[in-house]
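In the two complexes below, subunit A is the common chain; its partner is subunit B in one and subunit C in the other.
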Partner chain A sequence: MEILRFMVKRAGQAVIVVFIVTIIVFLLLHSLPGGPARGVLGIQATPEQLELFNKEQGLDRPLVIQYLDYLGRLLQGNLGESFVLNASVSDLLSQRVPKTLVLSVLSAVVALSIAIPVGLWQAARRNRPADYALTALSFVAYATPVFFLGLVMIIVFTQWFPWLPSQAPQADTVWGIFAEPAALVLPVVTGALGMIAVFSRYMRSSTLDNLSEDYVRTALAKGTSRKVVLRRHVFRNSLTSVVTMLGYYIPVLFGGALVVEQLFNYPGMGLLFWNAAQTPDFPVLLGCVLIISIATVIGSLLADLTQVLIDPRVRESQ
Partner chain B sequence: MSHTALQPTATIENDLPAPVSNRALMIRRLLRNKLAVAGIAVVLFAFVFSFLGPLLYPTDQMHVDLGSAGLAPGDGHPLGTDAVGFDQLGRMMVGGQVSLVIGLAAGILATMIGSVWGSVAGYAGGWIDAVMMRIVDSGIAIPALFILLVISAITSPNSLTMIVVIAALSWLVPSRLVRAETLSLKQRDYVLTLRGIGGSHWRVVGRHIVPNTVSTLVVNATFQVADAILLVAYVSYLGMGVQAPSTDWGGMLSAGLNAAYSGQWWLILPPGIAIILVVCAFNAIGDGLRDMFDVKGQQ
Partner chain C sequence: MSKTVEGSVPALSVHDLEVVFSTETGPVSAVRGVSLVVHPGEVLALVGESGSGKSTVALSVMGLLPGNATTSGIIKVAGGTIAVADEAAMCDARGRVMGMVFQEPSTALNPLLTIGLQIAEVVRNHDKSATRATARQKAIDLLTAVGIPRPEERVDHYPSQLSGGQRQRVVIAIAIANRPQLLIADEPTTALDVTVQANILDLLRTLAKEMNTAVLLVTHNMGVVADFAERVAVMFRGELVEIGAVEDVLLRPQHPYTQRLLDAVPRLAIAGSRREPQDPPSHLAVPVLELDNVDVVYGSGRRSFKALDGVTLSLAHGETLGLVGESGSGKSTAGRTAIGLLKPTAGAVRLFGKDLGTVRGRERKALLSQLGIVLQDPVASLDPRMSVADCIAEPMLVHLKSSAAERRKRVGELLDAVHLPAAVIGRYPHELSGGQRQRVSIARALILEPRLLIADEATSALDVSVQASVLSVLKELQDRLGFACLFISHDLAVVQEMAARVAVMRSGRVVESGPTETTLIAPRDEYTRDLLAAVPVPDPIVQRRRREERLAGMNQDRSLVGAP
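Showing the complex of A and B:
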């Protein structure tokens, strides 16, 4: 019953948070100087044309009215029409989001399957030269901007050693993307590196925390071998906290996707957003930010709930 | 929660001589951390290079000089020139000024905003705390890079607006940290005593709670600066940073993109490596300070 109450309370908070997000983002975008009319119609537009555009799009009304109007349509699942592309925002997002998900999930899978063993290995060899070397490496990887890494990768693997294409798959369908596996290599690896750095650090410290717990000492005292303790007890406990971390990592994942998609010309949501920012195409920008925010809120909600469900110790502290 | 960092600030209130030995011990602990020392050295070097460098190595970073565009490193131009003829070494210096100043100022400003917000929320408690923390939750859910990109695209930012906007987007994490510490600090005996003898709320927050979170704040500010430098680089790389002829390291990478594909490595390697080194350095200092203060619960 306690758990149920916690879950309901936490979900309620999430709904409130999404609501506040819509207010912040809407007001922020609409209170910026210049406005969308100038961006869409160009610098040669006459004041009359600008006025007409604002009137047509309802941009001349008070902000509060515009917001309530936006919210009302949002609740019906209507994200508006793009100013530039002749399509509705929901159509654009439903085309682009799956592609971004494919790339992000692939990157995350690659990253975790490297980061988790590396972090565990480092913890088991704490403060030895190999641990220091990997720590230094993860410092550098964390500090490397995604675009710089991608740039170097493009130069090395498409020019010096022309093994891979420098452009990501351009297919229209999600399945078409997998038809060009070679073209996926650079974007996926570029997206994965920073995540490897973060999650190997996290796995290492989580494993170290678990190693200092009483149950490890008990297991060792019973005569269980170090290897078995590490694999059976420590690994499982550390893994859950690392997987939970994934829920909080969603905004970073989308930020990385933005840069990777722009760099490798991959037609996902990141590229859609980047193009919309140039115009600026307000409805598209709002739609993208909203989707990411909702994903972030759901991610941390799931992370919190998972923790409470699987770990009785967290449950008690709530 | 009782760590040595609490003692010096607590004694200032009582007008006792500061326990120098304790502070010296902490500084010694920091200096024993070789990574942190290396980080301090790198940061100092980056500042000297960017701000004093132009005095020793003056270059024209205002006027394009197409006659000497795209030169490889060599005589007169140790790092070559870029596509419009700016000397690359000199450009690293002026670009460094922008990157470092924005990163440092935004990181510190974000930490300050966060500490005020977090301490007020944690100290006030109740519905004020709930409202303030839901706002923080919402802010964290909004992707900073995306918002920054939109604002930059529309307003053509200068350094000052970049500082304010980045700070406005990154004060959220420090506010959570400070709130958590405030929750525990406000139950301490000396705070309860001060309240009991009639001390005002402002006095409690200003003189006791905020000073006692200084160690957390300093550590967090260091990481904030590292993240801010990266964020500036991302925005500039995406073509929406400070306006030409001003630039920063991320903007240099963006400008050198096409030339780099045709083999002009000197346009992207120096700024890229500079960003990595400085961000690593700030993170190493942060780690060192965290060990020095023995602050827990931070990445």
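Showing the complex of A and C:
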């Protein structure tokens, strides 16, 4: 019951946040110089043609009216039509979003299932050679830009050792993507590497904090072995802060998807966003940003909820 | 006094223990050649000030020293030698032949596991045949034994749902679960209120007697020693300087260090003891501080909490008012309200006759410049990036137009006043000792020659000998400068020493106030009486009598409650 009330409250806050995000993005897009007309019609277009386009799309009206118009249609579930692609934004998104979701979730799962044990292991061997080596490695992965990392992966695993395809699965359906598991490896691993670095560092420091807590000493005084103390007491306590971090990481995950999809020509939302930004294709960009902000808000909501589920102290304070 | 049989196997014997910590600045010798023996059923108190090595001795017995420690010497628990290198043997011994109770009950338990599971863990560690169900039943039995009400329900609670005293009972339940031969209690009541402390000590005493367990009690509190221990070992800078029966060591100390230590302990004056009367404060002038029927409410609606409830206090010029009470009584809230950090929800606060609720701007700033404040934790209340001179001079920068030369001169005068050498002027807080830091706080509070000083647990974090010197500096300066002082403390003995008048707080209300000699010697209020009775005094003979009186009183209450 308490948890239900908490969720309703947070969902209400989430709606407000998404609403504010649409205002900000709308204002930012319309303050871009040039506007979409030139991008859509090309450099050959005459001023009359540009004016006509703006009139047709309603871009000559005051900004407030345009926004209210957009909001009104949004509330009816209408995200508008792409300026460039001959499709509605909703159709484009419903096609592309699941694919990006598959890529991001796979990357996150791979990353966490490596980062969490590695962080824990490093903390248990603090300041020993293995810890130093892994720390150095994770700093390298952390400091390398995703696009460069992806290029290196392509060169190594498709050119020097031609084991994997350099192009991601091109299937239209989500199930089609899984039909080519080999083609998924490079995009998923490229997306995961940076996250492994970040989260193993995070898990390591969170574990170290918890290892110096008094309850660890109490557990040892009971005759519980160090190994079991780590597994039974420290692991779950360390995880609580990592879970919170995960909620805030969703925008970063999307930023990674943008680059990864571009590199491996993966037809997800990232690629859609990238192409739309070149024009600029306002309705598509707005649609994507809307999805990302909703995902971010849901992400932090889920993080809070998980925290409530694993930590009784948070449960009480709600 | 010791009832042990010669020749029986000691529960604990430590022979020639040396502990060295390797640190970045080189090896630090923490324990030097300590030898001691504790027999079954006996309570040995290991006392000393911070850094004396007493906790290090306790942790070496448990084999729980940090990785940078090297130990030598022989430790035997119930006849078996403790070998830290043998992890499996250590795991077998910990929680079975020896249990430990720690200082801070709020952090000693895993916040994410129910207390039942945490007790069951120690049961199942040493009894492989115990199932989940039998271990749970054992946990319920143990909760009953340590006096937790409704144990069947409590067993599934999380530590955060329990009070500090109850958490400490759970820690004790864990320590005694397998009826160990040796119980180590490291400052087991230091984080607790006095009334809770008295109950926890009673519990430990009863359990130890019942199981014939030897207790190694590590503490800095001589009252606790007098209450609980049969023998005392005094540590000073890693060495054992004196060991003997509690009456001998506390009443007839031999070693000069023990004598100095005991001299510094503030003593609670109790009925029958003599005390020089103090001058009654003058009530002619306008009070320096007045709290008039003040309410402070935190939060709003269903979750609101009334921290102050109709508090009325008045402080005359040059007077010291002691504000005492247990944690959560609202004494610190009262202090914060008095200096305008908290706005009263109802009632008025008058500082030097002016209503703090109505004065604004420059006038308010001028009012606030006439008060100084000293807080409990000298580490947290001094900016680590400011030198001692800058720390002390800061109020001058805020409130006065002054030249650098004037400030330097004034800082010099104040360092002198608080008896700090001029050489500390360019140092940083972390380079000073705890007592020196607190003197810097006092110097900062006094630089503007305030008419009112608020001292909120100003000496609670200090060792007794340091506390004594800080208190004497404070008194000397008050005599010279004539400021009024609101002295907030949980330590009744210190308040008796410092304050002419006292107000006792409980749950946001002032339950009793009046001259210290009458209020803290012959209190009218029942709560004040309980509070005073719970304070252990550092005289084992007097304390034994006080304890018996207190327990008799409690039994009487219980029989009254039980009567139809």
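Throughout what follows, the second predicted complex is superposed on the first by the 294 of 318 C-alpha atoms of A that agree within 3 Å, B and C clash if a C-alpha of one lies under 4 Å from a C-alpha of the other, contacts with A are read in each partner's own complex, and residues count from 1 in each chain.
Everything that follows uses one rule, which is that contacts are C-beta pairs under 8 Å (C-beta built on N, C-alpha and C of every residue); 3 or more make two chains touch, one makes a residue touch a chain.
Nothing here was measured: the structure is a model prediction, and the numbers come from that model.
> May I ask you to decide whether A:Ala221 touches subunit B, subunit C, both, or neither, giving the answer as first, second, both or neither?
After superposition on chain A, A:Ala221 lies in contact with subunit C alone.
> Looking at the overlay, does A:Asn237 come into contact with subunit B only (first), subunit C only (second), both, or neither?
second
> Would you check which partner chain A:Leu272 touches, where first means subunit B only, second means subunit C only, and both and neither mean what they say?
neither
> Tell me which partner A:Ile196 touches in the superposition: subunit B (first), subunit C (second), both or neither.
In the superposition, A:Ile196 touches no partner, neither subunit B nor subunit C.
> On the A-aligned overlay, A:Ile154 touches which partner chain: subunit B = first, subunit C = second, or both, or neither?
Only subunit B; A:Ile154 stays clear of subunit C.
> Go through the superposed model and pick first if A:Leu186 touches only subunit B, second if only subunit C, both, or neither.
After superposing on A, A:Leu186 lies clear of both subunit B and subunit C.
> Quick one: subunit B or subunit C, who's touching more of subunit A?
Counting contacted residues of subunit A, the larger count belongs to B.
> First (subunit B), second (subunit C), both or neither: which does A:Leu103 touch?
neither
> Taking the superposition as given, does A:Val25 touch the first partner, subunit B, the second, subunit C, both, or neither?
first
> State the interface residues of subunit A toward subunit C in the complex, per the touch definition above.
Where subunit A meets subunit C, its residues are 213-215, 217-226, 232-233, 236-237, 240, 310-313, 316.
> Given the complex with subunit B, which residues does subunit A contribute to the contact?
So the residues of subunit A in touch with subunit B come to 13, 16-18, 20-21, 24-25, 28-29, 32-34, 39, 139-140, 142-148, 151-152, 154-155, 159, 201-202, 251, 254-255, 258-259, 262, 273-274, 277-278, 280, 285, 288-289, 292-294, 296-297, 300.
> Mind listing the subunit C positions that touch subunit A in their complex?
It comes out as residues 62, 64, 87-88, 90-96, 99-100, 102, 104, 107-113, 118, 121-122, 125-126, 158, 160-161, 171, 174-175.
> Could you please specify the touching residues of subunit B with respect to subunit A in the complex?
The contact residues of subunit B facing subunit A are 134-135, 137-147, 149-151, 153-155, 226, 230, 233-234, 237-238, 240, 250, 253, 257, 260-261, 265, 268, 272, 275-277, 279-280, 283-284, 299.
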